[in-house]
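Listed after this line are the structures, all set down as structure tokens.
Next, two complexes with chain A in common: one pairs it with chain B, the other with chain C.
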Partner chain A sequence: MFFGIEWDTSSQWAFAVSIFPILLHGLVVTLEATVVGFFIALILGLVLAALKSAPTRIVRWPAKLLTEFIRDTPLLIQLFFLFYVLPEFGITLPAFLTGALALGVQYSAYTSEVYRAGLEAVAKGQREAARALNLAPGRTFTHIILPQAIPRIIPALGNYLVSIMKDVPVLSVVTVLEMLGVARIIGDRTGGYLIPLSMVGALYLVMTIIASFGVRYLDTHLPKRGLSLK
Partner chain B sequence: MEWTSYLAPLSQGAWVTVQLTVYSTILGGLLSFLFGLGKLSHNPLVKGFSVAYIEVFRGTSLLVQLFWIYFALPLVGQAIGIDLRFPPVVAGVVALALNIGAYGAEVVRGAVQAVPKEQYEAATALNFTSRKRLWRITLPQAIPEMMPTFGNLAVQNLKDTALVSLISLGDMAFRAEQIRNFTQDSVTVYTLVLLMYFGMALVLTAFMKLLERYVGRWRAAGR
Partner chain C sequence: MSDPIIKFDKVVKRFGDHVVLDELDFEVQRGEKVTIIGPSGSGKSTVLRILMTLEKINGGVVYVGDQPLWHQWRREELVPASEQHLRQMRNQLGMVFQQFNLFPHMTVLRNLTEAPIQVLGVSKAEARQRAMELLEMVGLTDQAAKYPHQLSGGQQQRVGIARALAMRPKIMLFDEPTSALDPELVGEVLNVIRTLADEHDLTMLLVTHEMHFARQVSDRICFFDKGRIKEQGTPEEIFTAPKEERTQAFLKAVLDPDD
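Here is the complex of A and B:
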């Protein structure tokens, strides 16, 4: 029994059917962690991107080094680090939030590069034209650069959203009951790993196929010439 | 305890991590070419199998794959009467290689397709056999295009090896967890391990850059 739902081990089909709602409980947690982690990654990435394009080297270089460091070290270790080290500084977060924070930190390194690449991909002539037309730098950014960068940025971010979803099972090591963790517990208690683990794999496949359709839709349907922010 | 006393067990773990990374990256590289070219095959069976492999391993989580190979595959073996119980090292290398191979296969496919069509036409016009066309014309032009992404994938693979500690393989992440359990000195242990992974990634990146220059050396000579 798990989440108050009994499993039926009379036959393999009955077992698969009976654990499906239990796995869905885990699936909800997986999706929640994905969304919260992604949201943190979006914001932290923006901060990193801003620091990396700061006018002084004293800010720019450490930010670049930090991005490189975050990107080159495993999520699992970052997660353990946050999980065991934060409480020593008096910050005690629930396991779920620690996990989402770890996902957000890891992927902020990637999202910051997405922002940077998206902004740099806007043709130089656009900036020059805006300057020639005497537009203020702030207006140039919000009215000229950003509208053209967004259609490039959004699909790339979508791909990282899918990657985050695939990394959520790592959070099970700090007792977050996401889908894989739930499947393992079912396996531990019944001795039958094959069905729950295969079902998790199949559910992941379904989710990533849906998500990749979504990303492709965004990629083809966002206006290529720019998204008006007005 | 002094932090220096952590170095001996951690470096033992580091050696396991290095071995895992090397084996699975090489095996993954082979799988990339096998299935990347397989996806471009005209044989529907080869193509279908390659597409299925790529979709399954890119579409699911590495940890799910690792657990499936380690916990579920033996049960499949039991059902069909073959012993599919692998030691953790084998399960770890296989899972990592299959995972990175699927990502790599898409890179290989993309790079091969990016070779200008005229190159194929010219090779055909010069009466090259299809094998010779692949080895002499397509791959020498495609491989340098793949290298930057392969470099990223190799680092990704290095990071992913940390997950094999979850099937009780004594890599660096596993040793770190042991030391933390023993000493409760989490700040030092994890800082040290993060730095060690970072160092390894820098070395790996440098190596992949050298490899990139090596496979692309004909370009500099030709231009």
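Here is the complex of A and C:
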């Protein structure tokens, strides 16, 4: 029994049907972790990208160093740090939040590069025109540069959304009951791993296919309003 | 009467080892219409870009009005200008770019109202009214709701001119405004600039290869060569009787390219 749901081991088919709702519990956690992690990656990545293109070196360098550090260390180490080391300093976060944060921070390093490339792809003349019109740098960034950069980078960001989703199982090592962790526990308790793990694989396939279609839909249906997308 | 609104005092501009402006002395009087001509790489556009604060200078002082542009006074000494000073100075100038540089994600109207609302603090209604007046002046009132890519190059550049004017600059800078246009669209843009040239108060500084047009609208022509003014004078003087050999050769090359 798991999440108050009994499994039926009378036949393989019955077993699969009975554990499906249990896996859905895990699926919800997986999706939540994906969404929260992606949201953190989107915001933090944008902040990092803005810092990395700052005019002063004192701002630029720490941001670059941080990005490099995040990118060059495994997600699992960052996760362990947040989960085991932070409490030593009196900061204890719930397991789910720790996991989502680790995912978000890890992927912010990647999204920041996506943003940076997108921002650099906006024609230089746009910044010059904004400057000639005396628009403030902040306003130029949010209202001139960013709106032109975002449609170009949606496919790349979408790919990272799928990647995050596929990295969520790592969170099971810090006791987050996401889908794969749930499947493993079912296997531990019933001795049958083949069916739950196969079902997780199939569910992942379905989710990533849906996500990919979603990203493609966004990419083709987002108003481009005259932006030349190369 | 000498009342310079723009003054370059021994201005030096380098890109790496390449000297673009070589201790340039240059003045433009209030309300004057000046055209800069010369071979590519002679520093023509750089003069405009320095004035629009898009390029820094490496030496000398630029004055706009009675204030230094890239410097400010601190205890009787000229120190490099703060961003705040640049912001203040920039409001006096408007620029029209070769590549138009309209904001592609904004409608024509929004292109014209964004900066007046954000920078000058004009109300939305007022900015909109002013924008429509300007669009009328450039003959594009029916295009206000469109996006730049829906317009022809000539129409886009007319919007570019209107956008710069929306900030009510005292000085208009035109950086090869027709060079990116198909030949049949050049005329409509030049007509708009010609209308502006009739405005008595507006100071205009124009870089162009349209020699006949320059001759019609300019009070003065400056021939630039190697980062300096090689020769300057009224259109008559420059086009009918250039003194310098370099000027003669240049004009011959651009006016009779088939010879």
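Convention: the second predicted complex is superposed on the first by the 206 of 230 C-alpha atoms of A that agree within 3 Å, B and C clash if a C-alpha of one lies under 4 Å from a C-alpha of the other, contacts with A are read in each partner's own complex, and residues count from 1 in each chain.
The rule we apply is simple: contacts are C-beta pairs under 8 Å (C-beta built on N, C-alpha and C of every residue); 3 or more make two chains touch, one makes a residue touch a chain.
Source: prediction; values computed, not measured.
Contacts of A:Glu128 after superposition: chain C is touched, whereas chain B is not reached. Contacts of A:Ile144 after superposition on the shared chain: chain C is touched, whereas chain B is not. Between chain B and chain C, B touches the greater number of residues of chain A. Contacts of A:Ala136 after superposition on the shared chain: chain C is touched, whereas chain B is not. Once the two complexes are overlaid on the shared chain, A:Trp61 sits clear of chain B and of chain C alike.
Across the interface of their complex, chain B is touched by residues 69, 71-78, 80-81, 84-85, 88, 165-170, 172-173, 180, 184, 187, 192-194, 197-198, 200-201, 204-205, 208-209 of chain A.
Those residues of chain A that touch chain C in the complex are listed here as 123, 125-126, 128-129, 131-136, 139, 143-144, 147-148, 225-228. Across the complex, chain A is touched by residues 52-54, 87, 90-91, 93-95, 97, 99, 101-105, 114-115, 118-119, 147-150, 163-164, 167 of chain C. Those residues of chain B that touch chain A in the complex are listed here as 55-56, 58-65, 67-68, 71-72, 75-76, 155, 159-163, 165-166, 173, 176-177, 180, 186-187, 190-191, 193-194, 197-198, 201-202, 205.
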